[in-house]
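The structure that follows is given in the form of structure tokens.
Should a chain be cited, it is by its letter among A, B, C and D, assigned in written order, with residues numbered from 1 in that chain.
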Amino acid sequence: MRHWRREFSRRHIDIGGRYASMSEFLQFFFSGLTVGAVYALVALGFTLIYNASDVVNFAQGEFVMLGGMVTVFASAAGVPLPLAALIAICVAVAVGLLLYWLAIAPARGASAVSIIIITIGASIFLKGGAQVAFDKQFHKLPSFSGDAPIDVLGASILPQSFWVLGGTLAAVLILYVFLEKTLVGKAVLATSANRLAARLVGINTATIMALAFGGSAAIGAIAGILVTPITLTSYDVGTMMALKGFAAAMLGGMGNPLGAVVGGLLLGLLETLGAGYVSSTYKDGFAFVMILVILFAMPQGLLGRRTVDRV
Amino acid sequence: MTTLLNNRYAILAALAVVIAVLPFTFPSNYYLRVASLVWVSAFAAIGLNVLMGKAGQVSLGHAAFFGIGAYSAAIGPAHLGLPSWASLAIGACISGLLAYFVGRPILRLKGHYLAIATLGFGVLIALVITTESRWTGGPDGMPVAKLTVFGWRIGTAYAWYWLSAAFLLVGAWIALNLDDTPTGRAFLALHDSEVAARVVGIDVAALKLRAFVIAAVYASIAGSLLAMMNGFVNPDLAGFQHSVELVTMVVLGGLGSIVGSIVGAAVLVVLPQALTVFQEYENLMLGFIIIVSMVFMRDGIVPMISKLIARAR
Amino acid sequence: MKIHNLNQLNRRAVGCLLGISVFGLAVCGPAYAAETIKIGSVLSITGPASFLGDPEDRTLKLYVDKINAAGGVAGKKIELVVYDDGGDANKARTFATRLIEDDKVVAMVGGSTTGTTMAMIPAFEEAKVPFISLAGAIEVVDPVRKYVFKTPHTDKMACEKIFENLKQRSFTKVAMISGTDGFGASMRAQCLKVAGDYGIQIVAEETYGPRDTDMTAQLTKIKGTAGVQAVVNPGFGQGPAIVTRNYAQLGMSGTPLYQSHGVASKSFIELAGPAADGVRLPAAALLVGDKLPDSDPQKKVVVEYKQAYEASAKQPVSTFGGHAYDGLFILVDAIKGANSADSGKVRDEIEKTKGFVGTGGIVTMSPTDHLGLDLSAFRMLEIKGGDWTLIQPGS
Amino acid sequence: MLEIDGLHSAYGRIEVLKGVNLQVQAGEVVALIGSNGAGKTTLMRALSGVQPITAGSIKFLGERIERLPAHARVKRGVVQSPEGRHVFAPLSVEDNLSLGGYVRRDKEIEADRQRVYAMFPILHEKRHLLAGGLSGGQQQMLAIGRALMGKPKLLLLDEPSLGLSPLLVDQILAAIAALRGDGVTVLLVEQNAAAALEISDRGYVIETGRIAFSDKASALLSDPKVKNAYLGFE
């Protein structure tokens, strides 16, 4: 106890140390936010598909991979970066639609776990395809606005981090406006809330689900494009992304777009703060222990749908 | 044939015949190795099927128990001087106890929340195994002492074939007989409807927990067997990919079907071996086959086949 | 395994699939008679270690074709059987059995990672089939196992080479950030073990996961540790590239950064970008072949390999492919020396390898040394202007 | 307007509709009565295209529609208010009504919404609340209102009064009766057969998947067979 008090007072006297720990914290914080923003986008993709179709899509990470890899290869072929990114989004959307039409729609009525296995199969398939179509190397993209770090109160932040954060914010806003302010967006929510009633008011639920897969693929691809200049990419980055994105979506509460974002950012922060203040070796463990604790306390996630029982 | 698939003694007899005949068709010991792998994986899958097929609970971290069993078989003889078979038993006890204590809070969660919680648990165990290298040899793994039973060292491919097959038969027998016990009947009620089961006075939480413990013990024993058979363990055995593989075996073969678990394990072990001829297209093919089989056999291979046979009648 | 065998390959594939569908497993018998010498290989061509397995695979195929085009070894053609374990040790173990029992190979050159190698060792030891591993860790050949050899420098040697250089620069306080994959963890352990021998004190230690995408948190902690004179990063794959980039981002470039031989390929420089400038690492002569003096005995070998590989693979050479080259030719020389394809005799010949000039160094094996390289095989390189440069001894 | 001919439908191997024949003329209110499990709801769902049929034809305004997907039928004017309310619980009342007009592209959607509010003032009062929070009767009103937003030519009402208090039943039935004044044709399935026949022109009695008999509503009301089986003693 006395030792602790001495430690405490020492910290307060050591102003320089306090400054250092403040800038350290900011460094952790911004790194966590950047990493978390990507998890948030992946989680958002999970949420969109889950909302429309009740499917948990474990191939979600593959959209991130496609976004990065297609952009890399298109720009290597001489296509200007913005156009290459657009091509990548289109490719991902096409893959998302095909995934729905060829693998998910034909399995209509299968159990949830069967459909999860289908998406895992799709993930293996897409990874295998990327390995043949591209290669097995790691690749990078140039940062969108240079590599000179920006100093924020002693923390060095890459300009690309702001792109990631801004991109995430934009994606979330667009999705929010789409879901809350457009009739088609509400039709997505309606489809998720009550498939039968949705069909009875004339919503083409198959189209809505295809839309969700396409949109989710686009979000994933955007995440891949934004983050590749920081994290590099390769044909098999998807598995880890899917794992973290799924964790983030569950942490926030499956089915809630805002929850996905909160869950993603929180997971990113848990990881970096865990690495910074607890132990870098056990940082993933720290993150998952926190997830378990939160879920035990709130079994529906932080912002989960308070189950309105479906009839 | 359908009645055959439903009669448990017929299933066991058929399985025994297959096990006895197969080695005569094998051109080399390599096939014994692959078959032994199938038996061991099937053993784990049967256990997981009790949890998934009968209690209706999914676990995406089940390889953790597999890993605990495997590392028990490795650490027991290497660090504690225990005999291998005792290490196997201790591993099974540790897994069962861990499942009992972890299962209580985890199984309160539902659906995908349960999935992520088990996944997190699996990641934690795998992380501990990878990190505590003084005991586990770290990410590169560690060697495992050969199994010795009554001074007889089990090392040959044949010995392992028969041993793993014997374990599988016993494991399948226990799982099949579960239906006749009060627990098994309670599972049936639970399978129909959780609410209904609760109404007739079944302690649903305790029942799920029992299934979780059973599944953990099965996985642990399978892990120990594989470790001793390979003479080597590494953290992959406890990893997420392996968990997914186990779940895929169960679902592909057919939820709730013991034969299905064996078939699922066989497919997932043999397929990558067969697909090596496609070289770099291997993963493409594997993913494609998984998708196609789940789309066209959504209930799994074995239930689908028995349905087809029933319809042909 | 190339085009001229495609027909047999297809027939075998069909037979195999048929066998699997009808009988479960049987019917996939061996497809070739013994007029060829069979060499096996299990590599991590896909998965997290694909940057090791892929160039190894390309190298083996390229040179087996070359050898066969030139008439083969001891009058017989070489037949190469390659399996991809995807980095999974359990899969590797099964393929090892397959090579031994089903393909009946004379010897094996493969095992991209220490994890897969260690899993396969029991199978080869038991079957008494020589196994030349391409994995990094010292535990592959220490303790010496009768049938196991390896070609890459050990992680212990890499630590020693780095510490030797640190000592020459009079740095004693060092921070370490290592990957938690097999390579990183094993090298970390070796570095901790030998640090004392060079008077090095490890004052800060951090780790990162093999799939981590951001190491600024760990590096920030190192940055905040007083008195760090240099940072060492044992790791392979993309991790070290991200560490290097984060290092520059945090403005730590004033403190020297040492990478390991695990990043010894051009793609590291490309991925790390300008941040790689000033990074030092121990690596084989292969990376700086054109900069070697003509008197260097390795020059001819490494320049030829580099040209052949880059022409065929259309990608920059890495030391990993070089390890496969060394393994293949040590084996071929041994088969020539034994004038036999008998596994036991070939093993004895491998152990007698003396003065073999490879891409990794000059190899002289013995019953107590199944690696046969010493510290001189490592060159200390520094990255300057996007290329490797040899540093002057003592600087 | 609607002609159903020999309609068959099955759940797995169990055949629920065994050749139903039924007609509805434009401007009529037709009641379909029958005991539980007779196939009423199955028929309604088959008409809307959310229950697959195995044989038979459905003609609407002279056009075969039995192969059309559900949303195309809504577009043609066949709109259903399903049994059990089925509102979009996590969406607001207003959003529920907007989605009722999902297939429409015309300008009168807002006017129609006001008309629904006029019909059920309580919905207007609670228009910003989530539909899941409404009482059972209010949800039923919302379901009917939502169906009306689809501008139905033929409105299929499945058990609109199920589980409601007598007061609410009267209110709902009065609303249905008012619809015919607006020129909407109605096919009505009701447990409360007497009340349904009161507001109907004609009625069909369905028994174990087949139409047993049909007649004018007034005739059915006085038919002793119907009285015994479906209306109870009065």
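One rule holds in what follows: a residue touches a chain if its C-beta (ideal position, glycine included) is under 8 Å from a C-beta of that chain, and two chains touch if they have at least 3 such contacts.
Everything numeric here is computed off the predicted structure, so don't read it as measured data.
Engineer: Please tell me whether A-D or A-B has the greater number of C-beta pairs in contact.
Structural biologist: A-B
Engineer: Give me the ID of the chain with the smallest distance between its Cα centroid and the all-protein Cα centroid.
Structural biologist: Smallest offset from the overall C-alpha mean is found for A.
Engineer: Among all chains, whose Cα centre is located farthest from the one for chain D?
Structural biologist: Relative to chain D, the chain with the farthest C-alpha centre is C.
Engineer: So how far apart, in whole Å, are chain A and chain D when each is placed at the average of its C-alpha atoms?
Structural biologist: 44
Engineer: Please compute the C-alpha centroid of chain C, do the same for chain D, then give the distance between them in whole Å.
Structural biologist: Whole-Å distance between the two chain centres: 73.
Engineer: What's the distance between the Cα centroids of chain A and chain B, rounded to whole Å?
Structural biologist: Here the centre of chain B sits 32 Å away from the centre of chain A.
Engineer: Could you state the distance in Å from the CA-based centre of chain A to that of chain C?
Structural biologist: Spacing between the chain centres: roughly 35 Å.
Engineer: Provide the list of chain B residues touching at least two other chains, using ranges where the numbers run on.
Structural biologist: Chain B, residues with two or more chain partners: 131, 241, 280, 282-283.
Engineer: Please output the residue numbers of chain C that touch at least 2 other chains, ranges allowed.
Structural biologist: 45-46, 180
Engineer: Tell me, which pairs of chains are in touch?
Structural biologist: Those chain pairs which touch are A-B, A-C, A-D, B-C.
Engineer: Sort out for me which residues of chain C touch chain B in the complex.
Structural biologist: Touching chain B from chain C are residues 9, 12-13, 16-17, 20, 23-30, 45-46, 83-84, 88-91, 93-95, 97-98, 100-102, 113-115, 118-119, 121-122, 126, 137, 139, 180-182, 185-186, 189.
Engineer: Give every residue of chain A touching chain B within the complex, in rising order.
Structural biologist: 56, 103, 106-107, 109-115, 117-118, 120-129, 131-132, 239, 243, 246-247, 250-251, 254, 281-282, 284-285, 288-289, 291-292, 295-296, 299-301
Engineer: Quick check: in the complex, which residue numbers of chain A touch chain C?
Structural biologist: On the chain A side, the touching residues are 20, 24, 27-28, 31-32, 34-35, 38, 131, 135-140, 147, 149, 156, 158, 227, 230-232, 234, 236-237, 240, 272-273, 275-276, 280-281, 283-284.
Engineer: Which chain B residues qualify as touching chain C in the complex?
Structural biologist: It comes out as residues 18, 22, 25-31, 33-35, 37, 130-131, 133, 138-141, 143, 155, 157, 226, 230-232, 234, 236-237, 241, 266, 270, 272-274, 276-280, 282-283.
Engineer: Of all residues in chain A, which touch chain D in the complex?
Structural biologist: Result: residues 183, 186-187, 189-190, 193-194, 196-204, 305, 308, 310-311 of chain A touch chain D.
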